[in-house]
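For clarity, chains are labelled A, B, C and D in written order, and residue numbers in each chain start from 1.
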Amino acid sequence: MSGGLVARLRTPLRQRADLSEVLAGSWTALSAAELARRPVHLERDGATPLGEIFELNGEPEGRMRFVGDLELIDRLAAGLNEGEVTVEGSLGSEAGLALAGGTLDIQGDAGPRAGAAPLGFKRGMTGGELIVRGAAGAEAGAGMRRGLVVVGGRAGDRAGLGMIAGNVVVFGSAGADAGLWSKRGSVVALGAITPPPTYSYACTYQPVHLRLLLTRLGGRYGLPVRPRHLNGFYRRYSGDMAELGKGEILAWTAK
Amino acid sequence: MKIRGVFIEDTFAEAFTMRVARIVITARSNRWVRAAALKLTGFATSVIGCKVEAGIERALSARETPDGRPGTSILLMTMGKDDLAKRLVERIGQTVLTCPTTACFDGLPDATDRVGVGSALRFFGDGFQMSKVIAGVRYWRIPVMEGEFLVQEKFGTLKGVGGGNFLILARSPDAALGAAEAAADAMAAQPGTILPFPGGVVRSGSKVGSRRIKSMIASTNDAYCPTLRAVTKSALPDSVNSVLEIVVNGVDAPSIASSMRAGIHAACHDGVVAISAGNYGGKLGPHHFHLRQIMAGA
Amino acid sequence: MKGLQQLRIVGGAVHDPTNGIDGEVRDVCIENGRVVAALPDGAPTLDAGGMIVMAGGVDIHSHLASSSCNHARRLLPEEHAAEPAPAPLLEDGAPARSGTGGTVPSTFTTGYRYAGLGYTTVFDAAVAPIMARHSHAELEDTPCVDGGFFALMGNDEYLLRLIASGERGRSRDYAAWLLGATGAYAIKIVNPGGIEAWKSGQRNLNSLDETLTTHGVTPRAILETLADAANQLGLPHPVHIHCNNLGMPGNVAVTLASMRALAGRRAHFTHAQFHAYGGPGWSSGAVPLMEYVNSHPELSIDVGQVMFGPAATITADGPVEYLLHKSSGRKWVNIDIELETGCGIVPILYRDKAAVSALQWAIGLELFLLSADPWRVVLSTDHPNGGSFLSYPALIQLLMDRTVRGERLKQINPKLLAGSALADGLTREYTLNEIAIITRAGPARLLGLQQKGHLGPGADADVTVYSRDPDIARMFATPRYVIKAGTLVVEEGQLRRAPAGRRLHVRPGYDDALLPGLQKHFQAYSTVAFDNYPVRGIRDEPIPL
Amino acid sequence: MTDDRVEQVTCLGCGCGCDDIAVTVREGRIVDTSPPCPLGRAWFGDGSVPWQVLRGGQPVAVEEALTEAAEMLVRSRGRVLVYVGVDLSSQAQRSAIALADLLHATVDTATSETAAAGLLAGQRRGRATATLGEIRNRADVLLFWGVDPVLRYPRFHSRYAPEPPGVGIPEGRAGRFVIAVNIGADRAPPGADATITLEASEEIGALSLMRAALRDSRPAELPPPFKQAADLLPRLTGARYAVLVHDAEPTAEPRNPLRVEGLIALAQALNGPTRAALCSLRAGGNRPGAESVLTWQTGYPMAVDYSRGYPRYEPGLRGLNRLETGGFSAALVVGSPDFSAGTTSALARIDTIAIGPRATQASFNPRLAIDTGVAGIHDGGTGYRMDEVPLSLRPPLRGQRSTVEALGGLVKGIRLLGQPA
């Protein structure tokens, strides 16, 4: 990705940092200087301007790239509703919490509750695309109402917990209770998955819409979509029967 | 003006603004793409009797379709936008939804005027349908006995042009047909256009209204019927014994002009006396395709 | 806490309907927290020239300080997160409190916001007796307003037993004991018998004479018993009734039947809008209801207007909340409370494009506009059930400005409005004096608060001063000055001081012969010791009866 | 020598909130409590607590300590943690939270390490519950989900259910059907009318399947452990009033974090065919009181951070954990919590003030410590029972200093210094 604003961590973080306010609201039209003044909430030292923690180069123009060891950063792009945010590395917890639009592309791993609903909230993501190229912690995409979460590696337990609608795509294996208590929405598993007992097996088929979705993931994000994923068969499970029963798990199968 | 000895009359084709939609049908194999496309575009020659004019625009390779399967693009045209929405729902519902392995996508993603299609067809799912938003576009997955029918929620519509035409005036029926076939073949590959009539060719050119029945919108174009040369005010030179018309619709005027150019070029053969065009004196349609201008640009 | 000892509010147009003053320019004199006839020359003045002066607002029916409210608060973190409320900076340096908003704001924020609206007296309309201690604590943390609450009695096990055995006098004594034990202000009935029916498996009672099978009593008997009790005890406020079948199509029949059952007795019927639906489908029942109310001076109502937007339904009426949960799919709290009452909570959204919401909105306005006697038809939204109290100014505008009302009417879903009086065109516009009646003078009179709702000598110095503004909603939303018990609490829309309010409660006498039986009941069935039940140490003395 | 006998004292030894305790006091010491209950006896002890005020371990006048505490808090360069304990009346908890607001501090309570999962699930779904009086008087079917109350809530059986007779259950235990569900090592009561045993890994599936069966969406074929759970349903739906009982407090056994949400959802769903409530057992002290006060003052029941000048909800990262990672430069601990070794050593690294019962004996050696009374033993006020019914506290002993008083003094001291920016 060329252009855009590059935020490089000045010195390694020694305390957790909450970045939920940095990309809140409309940020893509701001200048680098304006964004530099937005607060990062440091665990111990409190509100600190972004520019003191990150060296900023370039202008946003709708794009921002974070560089450095970012594992102590929580809630990056929480509530994001515009722009493209790339993270070169791994993030802490609640990355892309309640994402509403735009794209958060994490090259490394994400901690727990990536793209989830804030704790205690019924509704999570309402739009946008969250790409975790590595592994994701527990409850990725929990409570999602709309949008897309992709986990390139392994997804922790309870991915897509209580989904209202939307898509969670897991390339690696999915942890326990994926899709549990979903009302609608899809968990697409390209790796191993054990559906909860309140999901009922329906059939093995080739869902056409997955060709669209996976083609896009390969094309737009360069994710490792293989011909076997595009042309292969999927086991469809309907659930969660404890809720509306209008959701599904689509599990790729070698047949 | 003459092309390969064929006289190009100094006249123009008069065409109308129509609403156009482009739909893309994909399927497991070309067999089912073709099956759906032929049914979908059947009985869709003229809005006068068919409510919609439709034709296959071109075949699409697997690389060109949204789902990476073979497909085809089709244009459907009506006089108004609401009408177009109804026709799309009717035709896609009856001929694509029903056809094994197909899916149906909008081919005008940039058009801002959009009409609901999947949003109406979804009700066939009886509450079991599911919607998916992929890359900001909503699709409906409608469960069917074979699996799922995937159809886009909304289809774009543009202001297109319908009724581009030219007439092939020939010495013999064989010469007219040969020239028309050559023209239709040449025009089939033109992007953004369709030839809504059988094989792309019309033998029953019409004039506006009727001499005898007031309510009739159109009746035979007696001035171009060779058999009536003796009883009507004929427009045909003496040597002409058969006339065929090519009608072309398209997404815009330049596509039609370029299609007509290719068609006329191909039609100018031995046995063809002249190329003419149908118009209503320029009072009815906003688009005028002057044959000589078109051909001069070749 | 006194703030200003003396203050002369000068030059304002005073709307004090209790004392027959309708916009006359005159001074209002305040001394030591009370309105006085005159002040010596040289007393400090507040210039209200060109402004409008009214008594502080009185909310007769709100849900702001109860365990049920607190459960609703807890249920709505999404709303709180969306509306943080930093602490205001007070002029006297007293530490003010931060909080959060939403349909059920935190207590301090609630107090500040009521004051910011010019309201200085508020009652919580539904408190489970065993939770009274909780309400007193919440009220202590709700500054700027005097307040109290009504105790829920219409489904109380012991009362139902007394009624079943025909002991009306003892019922009255028990009600009196319960009021005193809880520090409540009035008797509240919610869905008489229906909550017990919900809890005991009968699900609900749908008419006035359907028998509650566990006790063999009817809603009619409950209504009569408690209405008589309130009147015989000489309570300042008569029995406060939430009828059976709230929110159901056709419920105006049971509402009218309830009114007829109490004909000749003082009684207040609350959030009448929710009880004024024609049937069998959805339609307005406002016309027959108001015909009855207009011709029966012993009755009063508050409207319970629905305002479009988010709301939280909080009620003791458990069965109705279950149905709302099932039909809306929204989250749902039900708490069955200690053989006394219940609690149900469902957050909802009133949409102007939704046919039923639009009908509810229209019916509320019809009740207002068809009212012949504003003294008996009080402004309320049943906060936060029909909408937040913060929407009162917008509601006042709808009443005062038929153009605004007409424009709004055009935007709403008309599907169920056939035959609605509002849709047929009600041209009435409330005057400022009528607004003063339905927002302070009327409710104060109905509550029996002799020192509230007016500006005559002896009245509590609760005063709201509005700057004239052609935008009525803005005018009522941002009073220029609000004075609470003589203290200037709001100035130019800013909170300046946040004094604690007074507790308003009663302690009627009763026949001690009640106690042995009651103690036995406690011993057999209660989980709390009889002696530990009453709330003690309420800061303010009870209102003398 | 005469004994004083104080009747109808409320015990906060567990969440049962029994208010029928007779306490015998001799020479300022509690010598007996009745009825005998191991947790009650442990709670009251002999009622003796220290009444000291210490600075750096040395006695100091309380006014001086409060002034210094105010300075320490106001001048703190980093964030301040206010920990609100459970052995406090609601009035004391109110004062502590007011202080946190004033200081723009972070509030933590016992809730975030104990009952948080239930509160969060309740925020997502709501809940169907009942006060203990309703359970006592109506519950004809009781299902104990992985808990035997007798161990941690000794009088629950005899005061609330299943033993006592009630309005709708005149026969007492004989009028109630008791179902025991053992979950791995979490055992339900012995002697139930029906007992099933599930592996921990089967628990969530079983809860969900019961709900699916209520919707007639139960898969036709179920593996045996799920089948026995689903087969319990007719018992529950056939009840007049079914009560599901679970322990909202953690035990030594690891527990699936979804258990409580599964139970909440099941109890709600059972209200279609019948009436049902979920009973969440809570441990001793005034735990629900802290949640209640926090909720009315901030909108949130736990884990509130005032550092931005208004309450923010931070249930994902509890204050004590942040303390251990160095998140705070000062802490005010109100009440006497039993902190872990990690918390204790983290507190040793920062400025600490303890105000509350046995503050001067706190394991973390606070810089300043002010002893106050224990709620319900020396301090009066309100304590909340596990079902959130507020109870009047009737202290049998006279204390020398109430927590509310001490905190009031601290607020005064802070106001004299001016509020922090």
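Points worth noting:
In this section, contacts are C-beta pairs under 8 Å (C-beta built on N, C-alpha and C of every residue); 3 or more make two chains touch, one makes a residue touch a chain.
Note that the structure is a prediction, hence the values are computed from the model and not measured.
Ranking A-B and A-C by contacting C-beta pairs places A-B first. As a whole-number value, the distance joining the C-alpha centres of chain A and chain B reads 45 Å. Averaged Cα coordinates give chain B a centre that lies 69 Å from the centre of chain C. If you average the CA atoms of chain A and of chain C, the two centres end up 46 Å from each other.
With centres taken as mean Cα positions, chain D sits 33 Å from chain C.
Residue positions 119, 123-125, 308, 313 of chain D each touch two or more of the other chains. Residue numbers of chain A whose C-beta contacts span two or more other chains: 118, 120-122.
Every pair of chains that touch is listed here: A-B, A-C, A-D, C-D. Interface residues of chain A, counted against chain C in their complex, comprise 118, 120-123.
Per the touch definition, chain C reaches chain A in the complex via residues 77-78, 81, 331. Of all residues in chain C, only 65, 67, 69-70, 73-77, 79-81, 84-87, 93, 95, 97-100, 102, 104-108, 130-131, 133-134, 137-138, 141, 157, 198-201, 214, 322, 325-326, 331-339, 345-346, 524-529, 531-532, 535-536 touch chain D in the complex they form. Taken together, the chain A residues at the contact with chain D in this complex read 15-16, 41, 43-47, 74, 93-94, 113, 117-122, 143, 158, 161-162, 177, 180-181, 196-198, 200, 240-242, 245. Against chain C, the residues of chain D that register as touching in their complex are 7-8, 10, 19-20, 90-91, 94, 98, 101-102, 119, 122-134, 136-138, 159-160, 165-168, 240-241, 268, 271-272, 274-275, 277, 291-293, 295-301, 306, 308-313, 382, 388-392, 394, 411, 415, 419.
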